[in-house]
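Consider the two complexes below, in which chain A is the common component and chain B and chain C are the respective partners.
Up next, the complex of A and B:
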């Protein structure tokens, strides 16, 4: 091989490896960039709008009323209800396919759950409007487009995440745990319930956190089925009345605001709140993942 | 003794019921979309422009727009995502910095899609002055897709046995030569699967394109990457919430076209994965 060719190759290798290092760090760059942009465009809102206005119960941007509490509580109500519905069903399904049922059950269920994960949120929102909302209305709600309708759709959207992470968690429980449980005379059910599931606890918590993060950030489906009324969800029947989330507010109003107006900055401010919330939720989820790694699996 | 087995029976029945509650609505929903939408779809619907305020005619500009956006996302996200994965799998050591990268990826994956939309609006549309354009929309979708591509590509690269790298190095190959000629080709099917899964998520998203590219109605096709475009998910949103008196069959038709696009990519990805898993020799 002639020398010039070799140096050329060394140079190109050097260049490629430098590029790969740069790309490796790009994720940090993007997170920082997103955070800085939200700060830059969102922070002015918190200075321009008086605190009393921000913490009021009214969101009417046309009258310069920017109370974020109804949106925040709307998001929390819908997300938490969705998680309450999704967790028992998802964990039950994960336990069934990993512990209780023969392998063919998993082979049948897996593609369907993957299909659910693949259905675009706007399609689920459309189905929520045309199929689920009329049913909710028949149950006695004044309208079909309610917080509950949104929570139901969100529950199904977060199930694929919760099921697959919970399955992984159950998978890391060593077989010896199950053998020990069974050899002590426990039934299969007792072994699952008292030994395997508790051993997978931290992984299941991660699953729930990731599902929560997915649910709170969901936009289109929620915007289409919750009726979008910005009211405080404080009465008992709030679940069966229209509500509005932070995500839906951004999506519905950003298209119409003047760039640079208070309303514009306010919507970025809501984006900043959402970013912070999901950041914290994912941080908690990630910390259990890292802990698990350090100990070398759940043993 | 008997009571324990009764509890077991009840417990297992509950699990089966939970799984059925999860799965049956999925089948029902897909079945309903197919049954109600199939009548709307014919050659004209797929290949002509919308007419009469979108209540008649076809959805061709929306289909083309989604294809263009998916392509743009692929061009921007694949090099960055795969490069990032190669760094994490082949170069990075377990340092604080590497952990920061992993944390960043987890957080990127968790950022709400509408916040990506805000970011795209702030950076690409306004700050870089791309305007609402295919370029701005594709780049926004690309950043959203990146964490999915990085995680799955890294997993595929890590699955390649260490011996492959050792042997390559023992024959005098540099680290990059080993990656380029040995590891990358072996991991390719897994990487492709991950890329497709990321892209299908981008293709179905609405919130990130709301303020960065999507046009409510555009009576012509986009002429350049600085043009707006219609897109299938946004079109479905528009015709199901913003157009009064929209024929229901056309709504289901659009939902079905979007669903077929996304689910066929999904199936394609699984087929690649299982085909190469059976074929590989390690």
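Up next, the complex of A and C:
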């Protein structure tokens, strides 16, 4: 294993380490550059558009009405509903795969869940439009293209992320916890829900946050199934009415805008808001990871 | 980004366990080394390969003028006609290459302003600020009417409503009328569908139907209006939703949608859109379709446009649009 020339080896080690370090730091650099670009293109919007216009309820960019509230609330409504649907299903699946299922079931389920993550969002959007929307309409909505339809598709899309991260979190709970639970006379069910899942709580929170980040940034499927009506989702029936998200707005309108116009800057401004939101969500997710590490983990 | 996080999470338990000895790490580096070297070499060679390929490529553009390319982009309403024209024309003139893309009138006009296309297709006239932006870039856009289009108002086949006045359609899209009962239909909520705001059809419909052609009007589509990303989005929703009302180019209306007869005003006759009614000027929602060139067309582009205005009109009627003569 030892090469003849020690200095040569040191040099190549140095070179490789520097290269890897450079590549590692470059990702931080790219995020910074993207952020700076977003700032440069998006900040002018907040100066060019008066605050009253910006915080109004009307998004009609063709007529210089840039109220972002319907878009912001639309995104939040759809994303939060999606997470509410996805979390119980995903945590349940993670518990099944990690704790309850016999090994052969786990062997089948794991790759299937990973395959879910690989389905292109356009395909899901198409399925949503042709299969899910008619069902939602049968529930009594005037149209099948609603915030709820979008939330269902988004829940489906964020599930693989939540399941695999939550599963890893359950995996880090040491065997001694389970043994202790069982030896105290608890059933397997009680051990799972009262000992193992609470012990993995912070990891599960991370999973939910990452799923949230995944859901809020999704564009194509949402644009196809939510109806894109920029209405304020404040009434009680809003979930079963159409809604418009920030991502769909950027995707639908970016092709049209003249470079450098207010509308152009405004779309980047929305991008900036989205970036900030996902950044905060990821920060919360990361901070729970770090907190756990500092405490020395749960094992 | 998401997979990064999962990865980091998976690695962390190992890190917290026994710290791996340094030696092992170095051995790992050692095995990666040749891999990196090959990657580096591959990268460098591909770079040089690219450069050497570029030189003949540049030469091609300037020397061989045997095949001419016309870039044609814009309106989704026009894209099918533009494609048909390009196909037939290229068959007759094998030396010509015409590339047609859609994306919306605004997209095509933006491309013309930026000088990246020869012909922009638009289902609306250029706005004053777009002409200004073009002139700032040293481009004088020239307008050519190449066909006519009627906008059909469509509903689900089971909807008993036969005809609407322009005023009623305007009220539906501004949500002054929210139930089909108010216009003689069943007791159902109305779900108005529209194209996205980058569609020329959107702007035309807003100005001529929602605002009834009144320049001072500041009526807008109600916020509840569903903005569909494509013509197909509208027809799919019309097909399955008995509450829906939509509008789209006559060329896009399929047999499984019901076309509403439109009256210009109360007391006027209700007219169904057809080639005859549009040419006769009796159908109230019809419009010209445009092609824009940068400056007066010359050479191949002029020949192509002349062909479109004469022989090409056959394709227009074949696709359900309205030919000029």
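Brief remarks follow.
Here is the rule we go by: the second predicted complex is superposed on the first by the 275 of 299 C-alpha atoms of A that agree within 3 Å, B and C clash if a C-alpha of one lies under 4 Å from a C-alpha of the other, contacts with A are read in each partner's own complex, and residues count from 1 in each chain.
Everything below uses one rule, namely that a contact is a pair of C-beta atoms (placed from the backbone, for glycine too) under 8 Å apart; a residue touches a chain by one contact, two chains touch by 3 or more.
This structure is a prediction, so every number in the text was calculated from the model and none was measured.
In the superposition on chain A, A:75 makes contact with neither chain B nor chain C.
Of the two partner chains, chain B is the only one that A:127 touches; chain C does not reach it.
By the touch criterion defined above, A:238 lies against neither chain B nor chain C after alignment on the C-alpha atoms of chain A.
Shared-chain residue A:288: touches no atom of chain B or chain C.
Of the two partner chains placed around the shared chain by superposition, neither chain B nor chain C is touched by A:149. More residues of chain A lie in touch with B than with the remaining chain of the pair chain B and chain C. In the superposition on chain A, A:216 contacts chain B only, with no contact to chain C.
When the two structures are aligned on the shared chain, A:193 is found in touch with chain B, with no touch to chain C. Looking at the shared chain after the overlay, A:255 reaches both chain B and chain C.
In the superposition on chain A, the residues of chain A contacting both chain B and chain C are 13, 16-17, 19, 129-130, 210, 213-214, 224, 255, 259, 282, 285-286, 289. Within the complex formed with chain B, the chain A residues making contact are 13, 16-17, 19-21, 23-28, 30-31, 33-34, 37-38, 40-41, 88-90, 92-93, 95-97, 100-101, 105, 109, 111-116, 118-127, 129-131, 156, 159, 163, 187-190, 192-193, 210, 213-214, 216-220, 224, 247, 250-251, 254-255, 259, 267-268, 271, 274-275, 278-279, 281-283, 285-286, 289-290. Those residues of chain B that touch chain A in the shared complex are 4-5, 7-8, 11-12, 14-19, 21-23, 25-27, 29-30, 32-33, 79-80, 83-84, 86-88, 91-92, 97, 99-119, 121-123, 126-127, 143, 146-147, 150, 174-177, 200-201, 203-207, 210-211, 233-234, 236-237, 240-241, 248, 251, 255, 258-259, 262-263, 265-266, 270. Residue ranges on chain A touching chain C, taken from their complex, read 1, 12-13, 16-17, 19, 57-63, 65, 70, 129-130, 133-134, 137, 142-145, 161, 164-165, 168-169, 171-172, 203, 206, 210, 213-214, 223-224, 227-232, 241-242, 244, 252-253, 255-259, 282, 285-286, 289, 293, 296-297, 299. Contacts from chain C toward chain A in the complex involve residues 1-2, 5-6, 8-10, 12-13, 16, 26-27, 29-30, 32-33, 36, 103-104, 106-107, 110, 113-114, 129-130, 133, 188-191, 196-198, 202-203, 206, 218, 220-221, 223-229, 233, 236-237, 240-241, 243-244.
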